[in-house]
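Alright, structures below, take your time with them.
In what comes next, subunit A is part of two complexes: it sits with subunit B in the first one and with subunit C in the second one.
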Partner chain A sequence: MRTRRLETIFSSRNTFIGWIILLILLALYPQVTELSGIRLLQLTQIFIFITLASNWNLIGGMTGYVDFGHAVFFGVGAFVMGILVTQVQNYIVFAPGLSFWQALPIAGLAAMLFALLIGLPTLRLKGPYFSIAMLGTFVAMREIVRVLKDFTGGGRGLDLPPVLNRERDYYFMLVWMGLVLIAIWWIHRSEFGQSLMAIREDEVGAEMRGINTTKHKIIAFMLAAFSTGIIGGFWAFQNTYIDPDVVFIEQRTVEMVMASMLGGLGTVWGPPLGALILYVLQDVVWSRVPEGHLVVLGVLLIIIVLFVPEGILGTFKNPSSTSLGRLLRGYREEQPRPETVATE
Partner chain B sequence: MVQQQPLLEGRNVTKYFGGLAAVHHVDFAVYPGEIVGLVGPNGSGKTTLFNCLSRILPINEGEIYFKGKNITHAKPYQVAHMGLARTFQVIRVYRKMTVLQNMLISRQWRGEGILKMLRPSSKATHERARQLLDFLLLGHLMHEPAGHLSGGQRRLLEIGMALMPDPDIILLDEATSGINPTLIETIKDRIRQLNRQEGKTFLLIEHNIDFISDLCSRVYVLDFGEKLAEGTPEEIKNNPAVIEAYFGAE
Partner chain C sequence: MKRVFKFLPFVLVLMFLLAACAVPAPAPAAPAGGEEAAAPAEGAPAEEMPAKVIRIGAAVSDTGKYAREGGDTRHGYLLWLDWVNEEYGGIKVGDERYKVELIMYDDEGDPDTTAKLVEKLITEDKVDFLLGPYSSGLTKSASAIAEKYDMIMVEGNGASESLFERGFKNLFGVLTPAGNYTQSALEAVSKQGAKSVVIAYEDTAFPTSVAEGAQRWAQEYGMEILAVETYPKDVADVSSIMTKFKDLNPDVFVGGGHFNDALLFVRAAKELDFSPKAMIITVGPSNPKFVQEVGADANYIIGPTQWEASMSYEDPYFGTAKDYYDRYLAKWGEPPTYQAAESTATALVLQLAIEQAGSLETAAVREALKNMDITTFYGPIKFDETGKNVGKPMGSIQIQDGEIVVVAPESAAVADLIYPMPPWSER
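The block that comes next holds the complex of A and B.
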């Protein structure tokens, strides 16, 4: 009851309207002021950060399948882009030298198809097993890319056409971020999204109430992978160079997880907020203590898990669920223990 | 009585947990429009039988038929779409979601495509949820998180969720346990009403003998996973083997 007012302010609809206004302002930003290439690059990176966190949130937050290897889809997108737009020596199976716009949807679709192949077996696994399986997939894929020298350039990597256009990059990511967030906002209020959350809360119960849980999980996973693959493809082109070590970075997944948790798992606007805060924080920490950067992030993650497990927005929505929320509101209520039912 | 085709039928249903036969060679049939009781001491396999029927647990032997179709290897969501709904002994409502959201999750599913799923719940679905909540005296709690409800109210909510998709048969697992007597009367009344007016079929696991006598035309008794007896509530009450199973062990 006492959170009603905050909830209406942060209602999905109001935030959506605010978000559209913000997007328009961001679209006008480079037009009305002279922005340096560095500033444009920074903003583009923030957009990437936000979109990746939102993609991850679809499977990890809304559906509750914590994907510790989500960056693998980024890698697949990046390498599909790299292979398609460069002249690969020796075994040329693809028509090489596609344009960015021709290669981009293929990068996304490849990641999506990969998600289908990986998801069919792994999404049957519960909780931690799925997380570990995805971590394994990620590590394995990096090695596979390293070994398939003829396609991927192996450890030497691939040089993409050196086209530098920061403003184009800015607008591309702005549009993609806008589309993804609107899509997630829509999914969240659709029956599909509600079913995903039912799966997260109680999968057996969801199945018994008529939800085809396997189909729902796979679709959510594929949608998330598609968007991450698109970003991977875009990133490869923007970066003009890829190799397994710059593309397949564990930290990328860690950042998606942290941003989502910080902002609020499973909420629409939490992960973008978390991503923004995390980016700024990283920037500050990075410039002060570059060598202790990862340590600080690790400590932050522990603090989030301990004190704000439901994230910033989750804390506003349901103060009794986090120690921070209880602290802030002096809210006391015994939490009934989660019930379990005997199943195999 | 002319015997029609059973609505739900189990033939030789057997379920092992390791070496323990939780359900052992059980035959039963529930006919359309019946209210059938399933009783037995604690641990006799009643809930396990429900889990097998609703396809949450695979069975080791036997077959299950629903509306004449073999559903032995069907998925839970498939039998739900066919018109079987159930509640759980250990209540499974979505605590963080509101009462209304809980109801919306268990909506009609027949023939829904992916594009349809991407829409918010329809007006008709909302309307049905509201009506059912009123019917179950939960209308005023619609926007409360389900976690704030009392145990009895949660049982009612689960019954509401089971009714949402307009099923043909409803399996209730100890719907009256831990519930105050007034609410029990409400539940009894609602079951009777649904049965008489809408022709809904019920299979009830119950410990409350008056509840069973008032509602059920037939009763099955399980003991150590085996079917011990079947008959009218009167016959069951006077069956020496049943009395032995219930009171002999004490």
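The block that comes next holds the complex of A and C.
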């Protein structure tokens, strides 16, 4: 009985309506009460985290291509933004540096184009080979940015105009997060999304059924890269400076993967939930144990992979799929699996 | 029994989840960052405690990639805090004494966290003034926020010149900016007759600024620049660069990025018998570990230093540089690095500006900082219109008989520069 109720609560439509209500409340929030800069900034950072996790989920969760270098698109977006805003006027006569709003779509498109170029060869690889190729791409881009000194400022990086506006940032990220979540919700229900999941489950089978797997994979990859590139460009502005070492950090990818896995790979609302939980954990629990918070992160990752591989939402949807779910539902006796049988 | 063990991970996960739920709802409203406020002088007796308090905030790394230097920075700030509250009796504003409350958080070396903590310090903790974080990058993030809220930020650990090229009116840096690192050394060797320079530097933010400054100063002192080479971070071998330099036969070699590079340069120079008349290595020689690692080959090597305990600066607050050294050693049980000294100086400068202004108003303190022209145990302090400290020359040390001695500038020197250095073959 209990599961059925949970399933109803977490049904895609109810959750969608819930999220829409939450988005509207968040939009009204700064209008109703006076929010200080720190609250706006924290919420903005949460929105960024949620959106990044959802982007990653599109390629890593739904399509099943575990991308360990997704932060490369963040970096490309940030540096394209930086170059367009501060450097262009040095190379093209009469071209003024672009404004934030002019440069932002270009940053996203550049990341998308980069995804196309990188995806064509790497998406042919499967499993760990793809993951490693993307990790390599990520590390290589960091070095390339360092070498292209004339455009990127090399190791010194670029300074963007220091114009901070927390409220503008808040609304921008809220809108972008809303758009991305709605898009992902829609993709999940659409034929396109179902094809992606078919690729994840059995790529050869999907091919046999007439799905153009290459096209589907590349489109999913490019969409995720576009959104991540936009956020990279936005972040560059928010942070007011970029250099290869703050933009291309492995931790950003790891956080995207963790949030998706914690919430539930391939689900629509899992990665946002995972991102929210991780952010709060980072903020509150880990700040209490500053020396060991990376250890906590690692242990948490191991626990997720070993015992809750389907994530929180996956466990709610299908309790028998994870050890935690089986434990909570007392499935062990009812649905014996070979190894449990041996121990009983 | 086995059941119990199987339970354990779930319990752990549940604990994490519960911890997350225990946060005051709504989740985003949870307090940020390390709640590690350094309380105002713990032992201060209640009856003496003046009612008035100045709140000063700083986000400084305690963990992460800058844990070590950030720790020195924290020690420097805390040393000043103890002194100003316990010994000095609080900051004098007009006729009143204000106790200082210093709120420090751990930024983990991450710009997002820095931004969050500085926002928190300003909008939630409502601090009156800010002190800088460690590293140029984090100072860039933090100072942009301080500028937005029109808050004064005095910093002593961001040496990059680009910090001061953004038109900020509230940022003041007490340390000598990166471009001037080699200035006093190049001046000293040019006075001894050096005519040509070669430069090698690591291709990252700080060494690039140092090397660009070196080129500028070399030209200023009429030296010819024969070659400029760059090498990547974490380089393992510099002999190709040194071979090239040897053929050019320069008077002066300028190079460096990190401590390890300094070792590589000395070893390669010796192996290849490359003997310029002076070797200026920008990071490494002022660290006592350098002599331990290189031994006798370290002799005659010149290096810049922000501050040394043997310098001849003094002020009425902390006394001489040596007095500061002793005080720091007594409190923390280790000798102060220059990061610690410049952090104490940073806080001292803010204090003196508040006293000079006689007010906590941003505009008045800003004026006082702009007009400041003093000498502290750390060196002279005088800001230009961008907020850089142009009063303090970078010190230069030379290793003589295994000892680190200050040889330039003249105002701080305790020994004469040995020039030229004897060739490797004659040692």
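The working rule: the second predicted complex is superposed on the first by the 314 of 344 C-alpha atoms of A that agree within 3 Å, B and C clash if a C-alpha of one lies under 4 Å from a C-alpha of the other, contacts with A are read in each partner's own complex, and residues count from 1 in each chain.
The definition used in the following text is that contacts are C-beta pairs under 8 Å (C-beta built on N, C-alpha and C of every residue); 3 or more make two chains touch, one makes a residue touch a chain.
Computed from a prediction, not measured in an experiment: that's the story for all the values here.
J.: Who does A:Phe307 touch here: subunit B (first), subunit C (second), both, or neither?
T.: second
J.: Just to be sure I read the superposition right, which of the two partners does A:Ser190 touch: subunit B = first, subunit C = second, or both, or neither?
T.: Once the two structures are laid over each other on A, A:Ser190 reaches subunit B alone.
J.: Give one of first, second, both or neither to describe whether A:Gly154 is in contact with subunit B, with subunit C, with both, or with none.
T.: second
J.: Quick check on the superposed pair: does A:Glu201 touch subunit B, subunit C, both, or neither? Answer first, second, both or neither.
T.: first
J.: In the overlay, work out which of subunit B or subunit C sits against more residues of subunit A.
T.: C
J.: In the overlay, answer first, second, both or neither for which of subunit B and subunit C A:Leu43 touches.
T.: In the superposition, A:Leu43 contacts subunit C only.
J.: Touching A:Ile211, do we find subunit B (first), subunit C (second), both, or neither?
T.: Only subunit B; A:Ile211 stays clear of subunit C.
J.: One more residue to check, A:Ile219. First (subunit B), second (subunit C), both or neither?
T.: first
J.: Do subunit B and subunit C touch any of the same residues on subunit A, and if so, which?
T.: Dual-contact residues (subunit A): 343.
J.: Can you tell me which positions in subunit A touch subunit C when the two form their complex?
T.: Touching subunit C from subunit A are residues 36-39, 41-43, 45-46, 146, 149, 154-157, 159, 162, 164, 166, 238-241, 243, 245-246, 276-277, 279-281, 283-285, 287-288, 290-291, 293, 299-300, 303, 306-308, 323-324, 327, 343.
J.: Across the complex, what residues on subunit B touch subunit A?
T.: Those residues of subunit B that touch subunit A are 47, 51, 54, 56-58, 75-77, 80-81, 85-86, 88-92, 94-97, 101, 104-107, 109, 114, 116-121, 145, 147, 161, 164-165.
J.: Under the stated contact criterion, what part of subunit C meets subunit A in this complex?
T.: Residues 2, 6-7, 9-10, 12-13, 16-17, 19-20, 23, 27-36, 62-63, 106, 108, 111-112, 115-116, 119-120, 122-124, 137, 140-141, 143-145, 147-149, 160, 162, 165-166, 168, 202-205, 208-209, 232-233 of subunit C touch subunit A in their complex.
J.: Across the complex, what residues on subunit A touch subunit B?
T.: 186-187, 189-192, 194-195, 197-198, 201-202, 204-213, 219, 318, 321, 336, 339-344
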